[in-house]
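The structure appears right after this line, and notes come after that.
By written order: A, B, C and D. Residues from 1 in each chain.
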Amino acid sequence: MDYSLEVQERFRSPARAGEFAEGTPQVVAGEAEDRTLNVWFRFQISVAGTVIRAVRFRAFGCPHSIAAAAWVADGLEGRDVAAIADLDMHELRRKLDAPVEKLGKLLVLEDALRACWDALQDQAESRNGS
Amino acid sequence: MTSKPIYLDYAATTPVDPRVAAVMRECLEPGGDFENPSSPHSGGRQARFRVEKAREQIARRVGVAPETIAFTSGATESNNLAIQGALNADSARGRHFVTSITEHKAVLDTAAAMERRGIEVTYLRCDTQGIVSPQQVDDAITDQTALVSIMHVNNETGVIQDIGEIAERCRASGALLHVDAAQSVGKVPVPIDAWGADLVALTAHKIYGPKGIGALYVKPGTRLAPVIHGGEWDGGVRPGTLATHQIAGMGEAYELADPDREGAELRELRDRLWNGLSQLDNVRLNGHPTQSSPHVLNVAFPGVDGDSLRLGIGEIAVSAGAACDAATPEASHVLSALGLSNALAASSQRFSVGRFTTIEQIDETIRRVTAEVGRLREIAAGAPAWAGN
Amino acid sequence: MTSKPIYLDYAATTPVDPRVAAVMRECLEPGGDFENPSSPHSGGRQARFRVEKAREQIARRVGVAPETIAFTSGATESNNLAIQGALNADSARGRHFVTSITEHKAVLDTAAAMERRGIEVTYLRCDTQGIVSPQQVDDAITDQTALVSIMHVNNETGVIQDIGEIAERCRASGALLHVDAAQSVGKVPVPIDAWGADLVALTAHKIYGPKGIGALYVKPGTRLAPVIHGGEWDGGVRPGTLATHQIAGMGEAYELADPDREGAELRELRDRLWNGLSQLDNVRLNGHPTQSSPHVLNVAFPGVDGDSLRLGIGEIAVSAGAACDAATPEASHVLSALGLSNALAASSQRFSVGRFTTIEQIDETIRRVTAEVGRLREIAAGAPAWAGN
Amino acid sequence: MDYSLEVQERFRSPARAGEFAEGTPQVVAGEAEDRTLNVWFRFQISVAGTVIRAVRFRAFGCPHSIAAAAWVADGLEGRDVAAIADLDMHELRRKLDAPVEKLGKLLVLEDALRACWDALQDQAESRNGS
């Protein structure tokens, strides 16, 4: 397998791998897995208002999967939470120069992000509803 | 090999030994023995002499007479010729074929092709350590069984089957036995005569000979239908202009391939690697702890994806298993046969050592694998149980 | 090549060009690209790069796209794969096969094997100059004809068939066309694309590449049943570990094999030889005077036994014809097809020139053959008419 | 084909190839051929009483055939005519180190000698009978 420099770099130094210290405020988490594809992702997103303050992730999977998670985590920080829903896995695949058969794994990553998004919506609703 | 990464993929293929390359050069250089070994002129006779010398070198290494050795393009073709040849021969006593699910694709795909041509195939399972018992073979043979094909050394795990005992069962029940010994030569003894096997597939490139040349041992009297047609070369089993430089290289490689000398060294390197790696939490050896070839070590690192580990350890050339599987994402059929889950199989690495492996390389490998397994398990902390972490 | 006899047997096999050997050495030397081209590590990828470069070099020489080239162990296997593969494919449109009686044994023996498996084979005859006409092919094709196999350059006489025209007839009537072009590359153009052939057998060792490596061109969309099974290498047509050094050598040889540059030189040497030999009484050219490859000259010396002539001219390496026929005493099937009597066929010599042939060697050959023919005819003075004297 | 030194030598310098000058006294000749084997031999034997004075031959065929004819021609000179009948082709084949498949050709040579022998017998009979 040939890995792009982008993938190699992200895979080797995934700055935001890990999780927030307990008690970090305003954190939502989302998780997704696919056993047959051999991948699992978990994201934690800490928000301040509608801005993403910080992101952490854990990932089990191939280099593309880990690099993709690292890329997403890095890219989201400082952006509006709407950016989560805007992420396009086809585009991410091209950015990472990953072969097309890796798309399935990226869609699992998308599921994990969607779980974060849903949690954010729930939170917003419950805040509104309260 | 200074600028090269650490190479621990000798089971996929080996570099050519400089002494082998020197013999090959004698055919490739200007003024060398380039002539067609089938030509009647003096140059042709000199080339023929090289071919016959190589045949003797090979025969001597595996304990048989030179005229029982036919040259092919490698073990893939040898396996095909043995299996197709024996099952298609007029003399085949029935249309039943017995093999095992841990065989190389060259055997399994040929078995599947024979099934499509109406041959009934029994695929024997192995135990969780990769062993197919002689009794299983015995039980599978019927009076319709024309051929049994069991590999000697498994290419992914190094597991060794008890060919002598299996051969005895085959002989007793009148079935021919073919043995894929592509991985064996130079690492463990290949006493074909003592085994009493009928057909044995050999190759050069796993033992410091050139790629693209192999041989098939054919016990005298064994009838084979040819797979490739075209004249009377080499006893009629396999036509085509004999590739003198390749054959001479294989001969020299086999001459040099003494398991009595090298086997212990390989085992020491392999054991040192396993000793180092088994210090890690939660690793497992795939295959048999003792009944295995000294050059292969297959280890599962639960919780660590194999591709990630391979990329993470950087300039160390190892393999998921068979090189041919590299492009296909499915789990190794051999590791599945040992009962490993998909994830566990995908977390496995084959390390294979060879003539040019050093203790320093082993130690460096242990260091790098240990660090990377730790790092990747940290990134995957909290992953579900199926991932193995 | 100073201490070597004069070599005029280039149609049997050629020495490896030093530039080809240099490329091969880059894979065989310590530190070279020895890795398995199917391995995913960086060494494997470098080997794969060499393989793909060679595929391009070969494809460019014969005017096709690289992905249409599959590697085999030589033209014998390529011919087998083409013929067995096309006739055994599920898509084969019938069970009829058309070929000619002047084909190489690799084709004729495969045809015979297919006959035993129930294929009907039509063997076309040639005229006394060795030509099979496109019209004959056309006439032989029925709606059951799955495949036609006609060679390009004949290995014994050098006669060239009109493949472009034959391909057009095949296309028009829906039969696949396979062409054995083992002798052609580097001597005459091999414009596969312009021909429109479906399958073409190629080899390296007739054109200063290594023995034991060849290729099959497979037109996109052509369905072939594999002959050798074992995994997904190389487009699924032919499994087995790719022999990087062999493939790289073939690539380089094809890169160097420019008939526009070398063809005229060869023809000059060949014509000089024929001019010299035709000064002898009672000699005849076997084959076609003009529609033939520049590297082969086949001459009958009536009244002179071929073995005696070959021994008499001593250190000049020539051939009765196909090298494979050396051990068998029967007359060449190709010369018989031209209508030669047994004695006349046995009195024939194939001279084949190549890249390292010199004018001095040609002149020396003329001198020696002339003297020896005279001597042997003198010894045989008074022999009966059938001996040809 | 490998040729023994004996064969190579006899083939290259067949001293008695040729025929007697016309008018040479006491000459018998014998000839035999086999088209399928691609050989033809003719011997001339000149006798003085029962002693072979000189031999000449012509031959068309392979190196073994020519060498065998040369060997026989050389060997018979000076011997009693009975030696002709004593020649053993199996033994000759071994002497020349010729492969067994060459025996057929040697038997044609034997036929040519037998024709000489018969001619000698005829001559003797006609001499006796006259």
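Simple rule for what comes next: contacts are C-beta pairs under 8 Å (C-beta built on N, C-alpha and C of every residue); 3 or more make two chains touch, one makes a residue touch a chain.
Note that this is a predicted model, so its numbers are computed, not measured.
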Averaging C-alpha coordinates per chain, one finds the centres of chain B and chain C separated by a number of Å equal to 33
Averaging C-alpha coordinates per chain, one finds the centres of chain A and chain D separated by a number of Å equal to 100
When centres are defined as mean Cα positions, the distance from chain B to chain D in whole Å is 60
When centres are defined as mean Cα positions, the distance from chain C to chain D in whole Å is 43
Chain C residues touching 2+ other chains are 40, 326
Touching two or more other chains in chain D are residues 1
Contact graph of the chains (line, ring, star, complete, other): line
Each pair of chains that touches is included here, namely A-B, B-C, C-D
The residues of chain A that touch chain B in their complex are 1, 3, 8, 11-12, 14, 17-19, 33, 35-36, 38, 40, 42, 58-63, 65-66, 101
So, in the complex, the side of chain B touching chain A is made of residues 303, 305, 307-308, 311-312, 326, 329, 342-343, 346, 376, 378-384, 386-387, 389
Within the complex, chain C is touched by chain B residues 1-5, 7, 9, 12-16, 18, 21, 24-25, 27-32, 34-36, 38-44, 72-77, 79-80, 104-107, 109-110, 112-113, 205, 210-213, 226-233, 239-246, 310, 315, 317-320, 322-324, 326-328
